[in-house]
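Structures incoming, each one as structure tokens.
You will see two complexes here that share chain A, one where it goes with chain B and one where it goes with chain C.
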Partner chain A sequence: MILLNKLRNKLVIGALIMASQGAMANLNIFTCEPEWESLVKEIGGDKVEVFSATTGLQDPHHIQARPSLIAKVRKVDMVVCTGAELEIGWLPLLIRRAANPKIQEAGPGYFMATQYARILGRPKTLDRSQGDVHAAGNPHIQTNPKNILPVAKALTVRMTALDPENGQLYQNNLDDFEQRWKQALDGWKKLTQPLKNLPIVVYHASWIYLEDYLKLERVDSLEDKPGVPPTSGHLAEILNKMKTHPAKVIIYAAYQDGRPAQWLSEQTGIPLVKLPFTIGGTDEAKDLFSLYDDTFNRLLKTVTP
Partner chain B sequence: MGKTSRRSLVAMAIGLSLVHSIYAAEKAPSQKDIDQIRTELKLLKESYQAKIDELEERLAEAEQANEEVSDKTDNLAIELSQQGNQKAANTFNPGLGVILNGHALSSSKNRDFQIPGYQLSDETGPGAQGFELGESEVNLTANIDDKFYGSVTLAFGEGVEVEEAYLQTIALAQGFNLKAGRFFSNIGYLTSHHTHTDSFTERPLPYEAFLGGQYTDDGIQLSWIAPTQLFWETGFELYRGENFPAAGSAHQGQGVWTAFTHVGGDINASQSWRAGLSYLDAAVSDRQTPLGESFSGDSELWIADFIWKWAPEGNGSIHNAQIQGEWMGRKESGLFTDVNALTHIYDAHQEGWYLQGVYQFMPQWRVGLRYAQLSSNNLPSEFANTTLDNLNRDPQRTSLMLDWSNSEFSRFRLQYSQDKTQPESDDILTLQYIAAFGAHGGHSF
Partner chain C sequence: MNWEALDLSILGPAFLAGLLVLSTHVPLGRTVLQRGIIFIDLAIAQIAGLGVIAADNFGWEAEGWQVQISAVTAALLGAILLHWTERRFEKIQEPLIGISFVLAATMGLIMLANNPHGGEHLKELLVGQILWVSYAQLWPLAIVSAAVLAVWFYFDVPKLHRLGFYVLFAITVTASVQLVGVYLVFASLIIPALTTRMSLGHKRLLFAYLIGALGYAIGLAASALLDLPSGAVIVWTMAILGILYALIFGINSQQTEVKH
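So, the complex of A and B:
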């Protein structure tokens, strides 16, 4: 009988511990890319447990529905991803395999950031002879810092809907973030003045939002067709083009193969710049703020001697 | 005279008087003069500060208005572009995907495929000499409603065949998943994968011998994913039992049941793995060989599988590698009727395994090596000259492949196999293409 009582006490204590753990993190959120992980942290603070499926060194197009990711999606209350077909090769599969009713498409637990941004680069013709084109337009919205705030606001609304108890806290965090972000935007606006109309060569059409924000002029892409690695023929074409339309800088993302860009840089003497693309792409890009600080600083180094 | 020019006149006057005062002060500086300068300077400062404040305020107002307009345009643009998004999504409902798969094969022996000692399904083997269409298929998928997902795959070979057609739940609680219809079993590793995702042209020997390439049939599947940190999936299937290794749809059309469990996870950012254990129990009723022999009885199959994948920092664009292997053990017991209509008591223990490695050594290019082997217990002499006579041999096959992918959607493969399934070894050279178009397929692990 004493033993039974002890056992019951243990069970009660166990249940209490579990309940308190539950109260510590109210929302368990799976994000596809680190920029959204960072944004969720800004809004959710310690009320959320958040995980990013990819790092800044991985290509978000080419991720496999790994067992570890299925196990993660199985337990979450919400997925926060880029959308616009960026994760089409793996997210639908993860969601189907994980059998979690909370995060089904079009439900409240399914949040796609590109739904809250002005989408650029929607192809006029949908044909894969043009490469791996995204029917929904270019998904890489995180390369323009002005796209972050509308996403943050929509995310706060959604998180509040899922966890009304902490709604006020999420709103306060958003207000705080908004203020800091607007300040940062002002700073970047002044900082990036020298980059206006800078002619660039890119690796993949990953940067159209950055080009739009900084008013950069894209001369060419190393990938002739998106998703098809650079061919020697196309590289030779670019080399020729550089004689008549010289670019000032060659840009590639941390996760991309730097060698074709390196080759072009050596052939032309045009400086090569590795940009973080997202958080973790470089050592300096630690959160949303330092992501853009680092991106702009790396570009500025090429125009200011 | 305008307000501004009047102000500048005043300013000039003050300025002049100031200069004058300083000039005077230099001559005869007195406390009175200094005080006067101070007062004048203070007045001047105040007047300019007011003007500066006013201008700054106007500038801020203008910027604010500008930002509001810009915000409004942005919101409008987002709304407009979202309307476009919805259109794009609708064009892909249902998702329609097509796989093209074909090959040309050259074999030094050019013989019918058989593995002495093993009764095979009709569709097994590397294929015929020359050009041949492989498993080319059309796949339609869509969410049916808020609770079900549906998928149909039609395979085009010598005719049209319903390869898969099933309904699957998407919103059962607690990690449960129910599937019904015709679908690939989830036992082992390769069974649930379509052959066009394989790294080699044909399935490894144990799959050919024990599952006819892969087990598919009509039935139901219940699976459950545990709420653990480590991926852990367990499931149970019940099938009609029409297809190899079963036959005859025994037990009122519930001739096969299976159970499987898989665990998996990441070792670090670069390495991930999955391992599993599966069991298939088939009631076999009149499973015929091309010679006209027949087996009825019980067939049990155990499978242990593992796969390990590596890519530096999880980014496989330049280099990546994978190693996978499976072991299968089968026990068949029952009655075997030979071509002379003589019935024998059949009791066989057979085993098979394969191990393969694939390495992408530069973007777009991969090499792979696979070794596969079968072995079985020797049967009594009464089985001599029947299909089940293993000729005291352990069949083996070694394959070497090189493939090139132009993009994620097209792949070309050259494969050489040394096939030692029959006493005389056969050299087989295959050139294969695999291409996908339409809806984007999933990158399964």
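So, the complex of A and C:
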């Protein structure tokens, strides 16, 4: 009898756990980059299960195909990615192979963050002599913290449409996030005053949104045309320019090869700064808030001795 | 362990692609080994890549059939050139193939100096990823493989036609490298043929196919369970199976050879 009771208790507890797990993950979401994984967690809390295809140290333009990626995309209710052709090399293939009707392009389960931000770097004329300029503009919107809130709001609307039952909860999470984010934006505005008009050299055109936010002055880019390795003539040109118009800092992203930037730093004596670019790019960048904290702190170290 | 990825609908098309690649590469690999021209596949794939860059410079769509024609044409021209060098400078054919590989690769860099989009197309051609393959994409490879095998065995190409060998090789490599990438093409060509070289006749062909097929099957399953890139895991699985086979059967047959 006691045994039977124990067994029954176990069954009841088991059923409760299963039921609560069912309730826990109402939405199953696949994100392409860690910044969107973090944002989904902010809005969805424990009602969503979320997975990021890339880490902060991977180039989001290219990834290696693994069976688990197809298995994951097959089960999800929604994909949240950057868009603007950033993942064009692999996301369409992955979605086609997974054949999941919920996440087909233009459907409600297909969310591209760049549709909700003001896109910079959209070419006036598309000419292949300009280098790797995408018709859709520069996709790296996450380097400006002001771009996060509009994306968060649109994401909340979309998640509510897919899971109306938890809509109120998502809205409350968004309100809470919005309040904390505005506070953080105020803090960053004060914090980054010394960075205004800071002359920088970048490796790749990954930072135009950050430049726009901080009003940095980009003196030059190691890649003359995006995606095309610098020629010796262009390197000589940069070295010359550094004499007349010296930059204060050379910037590169954690996932990029640091050697070209290192070379320029050694040639000119201008300090080199590695920025996280996204969550996980550095040990300090653990979520959306610490991503910008760390980015600005690393830049500030170069202007304040 | 990642059991949910162990799904036939995920791994099935990739496995079939592997079998199709093996069907032609195992017999081709025997001839390649015999002639000591191991790196010919890298050279031909790289030359086919030049065709892709040229097509891009003409402004042709990356997915279009013109790009395929352009790639095969470049590969065939490369094959004819290598056939000529083999006749003219037979003893130094291997280094000449090596040189054609670096020349084709660097010519690609020069042609792409102002065109990174072309670079992406080239990358797609050379590092095809086996997991992205769908059943529909397998038809062209199946037709090419069947035609190549028919010609190969009907005319006994390895014995009779040197030019025929180069032409068939160029067509096969261009078709398969786009689906599975250059690492798997190289592994499928060399590993089964090399590790079974002690065995004779039909037995050799049978075991070479078996090592290749098991390499793809176990490699795909392992990559699903361990959550690792499939192409790389298949190459390693095939190499381990090949070495095991050579250790167990190769040494035996060597000993029996000595006894005779």
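Throughout what follows, the second predicted complex is superposed on the first by the 278 of 305 C-alpha atoms of A that agree within 3 Å, B and C clash if a C-alpha of one lies under 4 Å from a C-alpha of the other, contacts with A are read in each partner's own complex, and residues count from 1 in each chain.
Going forward, a contact is a pair of C-beta atoms (placed from the backbone, for glycine too) under 8 Å apart; a residue touches a chain by one contact, two chains touch by 3 or more.
These figures come from a predicted structure and were not determined experimentally.
Student: Mind checking the superposed model to see whether chain B and chain C fit together on chain A or clash?
Tutor: clash
Student: With both complexes superposed on chain A, which partner does A:A71 reach: first (chain B), second (chain C), both or neither?
Tutor: Both chain B and chain C are touched by A:A71.
Student: Which chain, chain B or chain C, is in touch with more residues of chain A?
Tutor: B
Student: Which partner does A:A136 reach: the first (chain B), the second (chain C), both, or neither?
Tutor: In the superposition, A:A136 contacts chain B only.
Student: Using the superposition on chain A described above, determine whether A:Q256 touches chain B (first), chain C (second), both, or neither.
Tutor: first
Student: For A:Y116, using the defined touch cut-off, is the partner it touches chain B, chain C, both, or neither? Pick first, second, both or neither.
Tutor: The first partner, chain B, only.
Student: Does the superposition put A:A25 against chain B (first), chain C (second), both, or neither?
Tutor: neither
Student: When the complexes are fitted on the C-alpha atoms of A, one of 2-10, 74-82 or 398-406 in chain B overlaps chain C. Which is it?
Tutor: 398-406
Student: With the touch criterion stated at the top, can you tell me which chain A residues are shared between the chain B interface and the chain C interface?
Tutor: Touching chain B and chain C on chain A: residues 62, 64-68, 70-71, 74-75, 89-90, 93, 96-97, 128, 131-132, 225, 227-228.
Student: Which part of chain B faces chain A closely enough to touch in the complex?
Tutor: Touch residues, chain B against chain A: 74-75, 77-78, 81-82, 84-85, 88-89, 91-92, 143, 146, 149, 168-173, 175-177, 223, 225, 227-233, 262-266, 269, 272-274, 309, 313-318, 363-364, 406-409, 437, 440-445.
Student: Spell out the residues on chain A that touch chain B in their complex, using ranges where they run on.
Tutor: 54-55, 57-59, 62-68, 70-71, 74-75, 84-85, 88-90, 92-93, 95-101, 104-105, 114-119, 122, 128, 131-132, 135-137, 146, 150, 225, 227-229, 255-257
Student: How about chain C: which of its residues touch chain A in the complex?
Tutor: Residues 2, 4-7, 10-11, 113-117, 119-120, 123-124, 129-132, 134, 220, 223-224, 227-232.
Student: Could you pull out which chain A residues touch chain C in their complex?
Tutor: 62, 64-68, 70-71, 74-75, 89-90, 93-94, 96-97, 128-129, 131-132, 225-228, 231
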